[in-house]
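Across the two complexes that follow, subunit A remains constant while its partner is subunit B and subsequently subunit C.
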Partner chain A sequence: MSATHDSTIPSTPLAAGVPADALLARLAERFQAVRDPLDRWDLTVLVAREQMRDCLRFLRDEPDLRFDMLLDVSGVDYLAFPGHRGARFAVQYPLKSTAFRHRIRVKVMVDENDCTVPSVHDLWKIADWSERETWDQYGIVFAGHPNLKRLLNHHEFSGHPLRKDYPCQKRQKLSVNDPMDDQLEARLVARGYTVVERGDRDLGTGAITHSAAVTPGATP
Partner chain B sequence: MTFRNPPAPPKVPELNLGEAFVTTRLDAVVNWARRNSLWPYPFGTACCAIEFMGVVSSQFDISRFGAELVRFSPRQADLMIIAGTITYKMAPVLRRTYEQMCEPKWVIAAGACATSGGFYDCYCTVPGMDEVIPVDIYIAGCPPRPEAYLEAILQLQTKIGNEAIRETQVIGREAVNA
Partner chain C sequence: MKVLTPEGEHAHLMTVNLGPAHPATHGTLRIAAALDGETIAGAACEMGYLHRGFEKMVEQGTYQMVLPFTDRLNYCSAMINNIAFCKAVEKMFAVEVPERCIVLRVILMELSRIIDHLVCVCTNLVDLGALTNFWYFFNVREEVYIVWEKLCGARLTNTVTRIGGMYRDAYPGFEDDVARVLTRIEAAVAEVRGLIEKNKIFMDRTKDICVVSAEQAVSYGWTGPCLRASGVDRDMRKDEPYYGYETYQFDTVVGTTGDTYDRIMIRIYEMLESVSICRQALGRLKPGPVNTSDARLSLPSRQQVYHDMEALINNFKLIYEGVRPPAGECYDAVEAANGELGFLITSDGGTNPYRIKVRPPCFTQYAALSEMLEGELVADFAASLGSINIIAGELDR
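Right after this comes the complex of A and B.
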């Protein structure tokens, strides 16, 4: 660790200063977390997959930590990373506390042959789409996710383009529009609308290309 | 006093009408009307569309060339201006929008992305709109200057002026998919 590295988490007076070393010690005791040596600037802890959900919930709910904001769920592919041994993939959860304004990153290594991580969509709502994106781009399965389908790439896409072994210029055409009616309908129905008719269909394929027509029901 | 006889009426009856009528070719009249009243439909997905706003506004003023009536329904437009990056996920939407435009219709691909994919040489970006729909005029630039848009309108007007209406081809789904 270089001398310029300040090991305290930036914090407001509200936070009464939770030093990184103290936090790391708590996480090490409860979840066998270790500091990620690759992260030389911020605090990143490595947690085993089995402990990951408990660790994230602890960070979110602990009164003096309150990492209440999940900033992202991102994948990492360490294929051909210099000096890297062990599991090929990693999933990172950067967290921020809106109350104390401190940050931490939780990282889980994921093996290629068992490419699964428990979903945290029930802890943070935003994890829903973030996990879909990570699955789409890296092929990491989030077990327990309610609707794990592609978010950025289209439904005819095969493979996961941000994997290092995906040929990055390999293009894949989409023949039929990729409607998101399933989610739209679900949200409208939840708000009291009734689906009257599903709009016109593509002449060639019969796929629905327009949103459904809805009528407002009882005010929710 | 001497009086000069009025000239004998010409044998061709139309010539009696003086300047009340102008005779011309049908192509010339139709093309004149078409090229000077283009109704653009901006398919704007990126920064080129921001540039297009300047083209329409008073500083550069696309209405000097009769193409100011920007419509946001493809059914009311005959000039599609693709201004921005198109991904493969977007491509069927673009094609369907193009198919909804009435004949005759023209397409301008504006900027690096619409003409060639630009610097997005990757798995998700269509490398040029002519993979999806036929394009009449390509504009270089990232994004193009408003003058380049106007130059494209002028070039398109020249192109329309040379069209023969009997040769206008209907470009349907089969042609697009070929």
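Right after this comes the complex of A and C.
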């Protein structure tokens, strides 16, 4: 039996975390972070886009912080927010630690005309999908993401549904399934395979047989 | 497709779709897999087949109108979603719900955790061909649903809580019914444990299959039973206790290998811990109000509405406009059956939520599936998918 269920083994309690004020002071000194004006209940820090990756890496790697878990990547569109000034979008990164009892949210404001944020898919594996979702819903580009494609909405969808100017009742239909060859080939390449020739999709439930654009004898 | 393997040999991979309508996906999920014989050489996962635009819908109505939508996230344990959402909004109001409400919520959450694990484990075993366990577990699950019916009239989508309390107090005899169901659950768990724990076929199919290391699990943001199966001893009920969980005696169950076997067995043991928490909570259930007296959240009594002008206005405002949390952004989470279920709520001070982001626990688990499956046999796909307990409702929202 490998799952242990022995009540004599005490569970290891989380160590006390760094207090919010001290954490904020450190981030303010190092990354010019400020407390988010909308923050009333948790600790949320606003950092500039240029410093965001460094800040997140610092939070993850610092031995007494160890925010090793990225819980989510979440976008917000402040277009209709009363009294809001400045950049239209924000991206939030809620973090928690598996070693200390503390949490933090890092927030970056993103301007509509330069809707780009650096990707953190190399810092946390989950960021790959979470960033795809945020791109899908808000149209925020994550620079450096290996394959920024839609996640929740289908691949023929146009627009970004969670933007405040996207009409709630608008529907978009899908005609042909996404063959997902790009993702599959990327997985194979990552594992050391070289794709020599693409073929038609073999039998499978829900499969759409499609004629893939095959370059004859193509070797990447 | 023709490929060169990492060893430099020519090979022909067969690409197949596992899903979206596959009996073992228990929902609509699609995995495009490239097979090298019986081995999965590469897998790409797709989601979104059950995407109903939860996060867009909830912006259109009041906070109270969000509650029935939360039922449709993880529909195997709808009450946990109800409670998690109400708890997040109550945090924004800085309102403490009454003691009886807290204890009731603990009982409902732990029973919901049990039925969620029951479904997860027994359908997982069906995928492996062990049908008998399904009947043992679905029988007791049905008994819990009968309690739900008596409690709120609904079985699957309960909407049992309200912001600031409960839909209604427990019915007379609720404690006896729960105590009886707990005994039945223990018996069912014991039977299934006896059938699978040392079962050679089961162990051959699950031991050392689709192993996820602690580092991988943390990097993928795993929480809940799947994280604990990988040996990371983290449980929000212990680490950041809410609703007095620190005062209950229970153990966190932790695995050592992070394989399919651990992920299934952890749920079996966790059910017994939840039974113990439920019993302790039943002993603490004292008579009292279940709704807060805070007029910003709770409706006044009928008697007051008929005889008092202020109460009438309050009733009208709460029904027609809804609650108004202060402007700001708030994250709150609970340890749901599958892991950390969080709500990140942006309020503009109005009656409609400006933005609600759900942090569904199984999103992170599904994101790791590609990596889990690669290098494994295609026959193990169903068992490992079942062991991470993907609920499409909360995955796709």
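Keep this in mind: the second predicted complex is superposed on the first by the 163 of 220 C-alpha atoms of A that agree within 3 Å, B and C clash if a C-alpha of one lies under 4 Å from a C-alpha of the other, contacts with A are read in each partner's own complex, and residues count from 1 in each chain.
Going forward, a residue touches a chain if its C-beta (ideal position, glycine included) is under 8 Å from a C-beta of that chain, and two chains touch if they have at least 3 such contacts.
Keep in mind that what you see is a predicted model, and the values were worked out from it rather than measured.
*Asks:* In the overlay, answer first, second, both or neither for which of subunit B and subunit C A:Gln92 touches.
*Replies:* A:Gln92 contacts subunit C only, not subunit B.
*Asks:* So, A:Leu38: does it touch subunit B (first), subunit C (second), both, or neither?
*Replies:* The second partner, subunit C, only.
*Asks:* For the overlaid complexes, name the partner, subunit B or subunit C, with more touching residues on subunit A.
*Replies:* Partner with more touched residues of subunit A: C.
*Asks:* Touch test for A:Glu131: subunit B only (first), subunit C only (second), both, or neither?
*Replies:* A:Glu131: touches no partner chain.
*Asks:* After superposition on the shared chain, which partner residues are touched by A:Lys173: those of subunit B (first), subunit C (second), both, or neither?
*Replies:* First partner only, subunit B.
*Asks:* With the touch criterion stated at the top, can you tell me which subunit A residues are shared between the subunit B interface and the subunit C interface?
*Replies:* Residues common to the subunit A contacts of subunit C and of subunit B are 152-154, 161, 166, 168, 178, 203-204, listed in rising order.
*Asks:* With touch defined as at the start, can you tell me which subunit B residues reach subunit A in the complex?
*Replies:* Residues 88-89, 91-93, 96, 121-124, 126-127, 173.
*Asks:* Can you list the residues on subunit A that touch subunit B in the complex?
*Replies:* So the residues of subunit A in touch with subunit B come to 152-154, 161, 166, 168-178, 203-204, 209.
*Asks:* Within their complex, state which residues of subunit C touch subunit A.
*Replies:* Its residues touching subunit A are 1-6, 10, 13-22, 30, 32-34, 41-44, 46-48, 51, 53, 55-57, 59-60, 91-92, 197, 207, 216, 218-221, 223, 229, 232-235, 238-240, 251-257, 259, 261-262, 265-266, 269, 326-332, 340, 342, 344, 346, 348-350, 354-355, 357, 359, 363-364, 367-368, 370-371, 374, 396-397.
*Asks:* Which part of subunit A faces subunit C closely enough to touch in the complex?
*Replies:* 1-5, 7, 11-14, 36, 38-42, 44, 68-72, 74, 76-77, 80-82, 92, 94, 98, 101, 103, 105, 124-126, 128-130, 137, 150-154, 161-162, 166, 168, 178-181, 183-188, 191-199, 201-207
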